[in-house]
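Here the chain labels run A, B, C, D, E and F in written order, and each chain numbers its own residues starting at 1.
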Amino acid sequence: MATLPLLDDADLSPEARAVFDDIRATRGSDFVNNFWRALAHDPALLKATWERLKTVMGPGTLDPLTKELVYMAVSITNSCPYCAHSHTAAAKAKGMTEAQYGEFLAVLAMASQTNALATALQVKVDDAFLA
Amino acid sequence: MATLPLLDDADLSPEARAVFDDIRATRGSDFVNNFWRALAHDPALLKATWERLKTVMGPGTLDPLTKELVYMAVSITNSCPYCAHSHTAAAKAKGMTEAQYGEFLAVLAMASQTNALATALQVKVDDAFLA
Amino acid sequence: MATLPLLDDADLSPEARAVFDDIRATRGSDFVNNFWRALAHDPALLKATWERLKTVMGPGTLDPLTKELVYMAVSITNSCPYCAHSHTAAAKAKGMTEAQYGEFLAVLAMASQTNALATALQVKVDDAFLA
Amino acid sequence: MATLPLLDDADLSPEARAVFDDIRATRGSDFVNNFWRALAHDPALLKATWERLKTVMGPGTLDPLTKELVYMAVSITNSCPYCAHSHTAAAKAKGMTEAQYGEFLAVLAMASQTNALATALQVKVDDAFLA
Amino acid sequence: MATLPLLDDADLSPEARAVFDDIRATRGSDFVNNFWRALAHDPALLKATWERLKTVMGPGTLDPLTKELVYMAVSITNSCPYCAHSHTAAAKAKGMTEAQYGEFLAVLAMASQTNALATALQVKVDDAFLA
Amino acid sequence: MATLPLLDDADLSPEARAVFDDIRATRGSDFVNNFWRALAHDPALLKATWERLKTVMGPGTLDPLTKELVYMAVSITNSCPYCAHSHTAAAKAKGMTEAQYGEFLAVLAMASQTNALATALQVKVDDAFLA
């Protein structure tokens, strides 16, 4: 289904293998998902993407589940099936309850509908909202 | 700038005025932003949109700032200038610090870039991510 | 505001002028909107775009207002301010009433919200919907 | 393929069952499509979505096929496969002929192309189009 | 999986057959991909689309691979799986190396991320960028 | 117009100033555009974005204008006005002629239209296109 064959561990270049090792160590799991197996064809891009992801999703002033919900919202709005699946799974792994998922969906649907209305009406931005 | 003139308080129908009264009471502020002033041309749509928004963004299992960050993420990904401005302002009003805004932006940028890569590569969804 | 200066009638090449003449004759109006004045820098692209538009929006099995509402729906969903403005104006010129505009907005908002939910949930297409 | 298992009739909560009953009564058909079976995990969201859909797509000043074509246009432009399939099927059920489908596709393609050009050229909105 | 059955050569109308003949002659290959087999239900739309594609992707001032990379970028950003697959295959057929594909992906990811940031921040266009 | 005030040189933190110095040295120009002046509120995000951009848009196997055209295509398809303006200006600075711009626009319009058709028809990917 991909535009490039997904690489098995045995097919990795040394540079790609080092990134996979870090993914496994950081996540405390042997599982490496298909996204990285496709990116592994270009070790430099693989490394740059993973390093940045690790920094961005690491500890900070927003809690991990909030970050993951933002990631889900972007992924769904971008109509990316792989991303919707993988980040919904990640949010569940980070503790998202079924009630929280329902509320997330309600906010997502609300935002999508008011976005469409604001764009249709081409409403001028209120002065109060400008920095 | 809008496709319909924005309605002043004096131009509202009784049905629209009742919605504006509820917006003011709910928010504890006299300010009613332009989005509602454009929607006020259609009181039924105005009322349905506001009632649903009040329910969705009200108390629940996700805290108010998290809901607002999801709203922002959808609005920005949908390329809606009005929505980006108004919901960034709303998040600040709900306590988003400058550091949190920076982290939000970093997650947004990260998600946008991995979404593009996953779509480009047309990666097959891992079985582990399916419900 | 454009990436190319908008061309006045006096600046048109003979090929672009011929297209402008046809736009005016077809629409029965002297007004030529800015979209065509930007495209006029490339007379071949201007001509191909206009000729196809004239065919597509001309008489057929869908009535003119229905076609314009579809055009509006695409334009708004694509987050194109120029297109939202110009095709909303065109729909009004073709007889869209304020009540119809309100219903259009309600359908647009409904579709945007269920689209977001279906993408979030990654629902499998029912066999009944496949051709 | 979904992020949540699709619920069979036997798995429904009483609140979800009541919504399914209304879907069946309103449509005069026993078939309930997968979208509702995924939403049924959150009966409140299921009910709010269905109630609003029933109102919006019910009788009004736009005929049912026109509303469905607008719904299709939004769904396709939002790149939602489930939505494209289900609303194309719905339009056929509401009488869309093959000739009308062809014209719809031509308008969709035209709008998509001029939207891209207007966004590329960043054309300023004509004063004539402002409300 | 399509909303219309894909047409085999034996099912084509004479008008559609003539377009298929031209596709085969132009490409020097007997293979006609599914996109054209779906469009063939509407011979006028099929012909208009193919004729324009042949002109646009034919010889000009941009080399064929550059045009194909622009086509890929649009297709991926539009979240169109069919288009991403078919135009990535076309770029490979036109000589895109694995290193070039990697660089293309890096530019795509970069653009997606800065686009998201610029939209989030609603940055004012610099005067230096206006025509 | 932004969600944050644009920072003048005098307002920069030492970390942000160092990035601005590198932007100026790399581009051989004193001009620093507004995008960076908004990002400068978060020096870590500013630095990460600029460093990656410098690497990605630097020398490689695709020529600089091709990379810029891909960047433009993504930016326009993402409906980002700032990005469309700034990257069209960048492409002109890298030598894009008016004829090349016209061809770029034609490819962009073509891709946008066939993308819409492929999504509408939900065409199954040909086996020949799978890796």
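Here, a residue touches a chain if its C-beta (ideal position, glycine included) is under 8 Å from a C-beta of that chain, and two chains touch if they have at least 3 such contacts.
Given the structure is predicted, the values throughout are model-derived calculations rather than measurements.
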**Q.** Shortest chain-hopping distance from chain A out to chain F
**A.** 1
Q.
Only C-alpha atoms count here: how many degrees separate chain C from chain E in terms of the superposing rotation, rounded to the nearest 5?
A. 180
Q. Would the interface of chain B with chain C count as same or different, where same needs over half of all numbers used to appear in both copies?
A. different
Q: Between chain C and chain F, tell me the centre distance in angstrom, where each centre is the average of that chain's C-alpha atoms.
A: 27
Q. Measuring from the mean C-alpha position of chain A to the mean C-alpha position of chain C, what distance in angstrom results?
A. 34
Q | In chain C, residues with contacts to at least two other chains | A | 1-4, 48-49, 52, 74, 77-81, 84-85, 88-89, 105-106, 108-117, 119-122, 125, 130
Q. When you draw the chains as points and link the ones that touch, which shape shows up: line, ring, star, complete, or other?
A. complete
Q) Contact residues on chain F for chain B in the complex? A) 3-4, 41-42, 44-45, 48-49, 74, 78-80
Q | Residue ranges of chain B touching chain F (in the complex, touch as defined) | A | 79, 84-85, 88-89, 98, 101-102, 105-106, 109, 116
**Q.** Contacting residues of chain F [partner chain E, same complex]
**A.** 1-4, 6, 31, 33-35, 38-39, 49, 52-53, 56-57, 60-62, 66-67, 69-71, 73-75, 77-78, 80-83, 85-89, 97, 99-100, 103-104, 106-115, 117-126, 128-130
Q. Taking the complex as given, what residues does chain C use to touch chain A?
A. 72, 76-77, 79, 81, 84-85, 88, 105, 108-117, 119-122
**Q.** Touch list for chain D against partner chain B, complex
**A.** 1-5, 48, 52, 55, 130-131
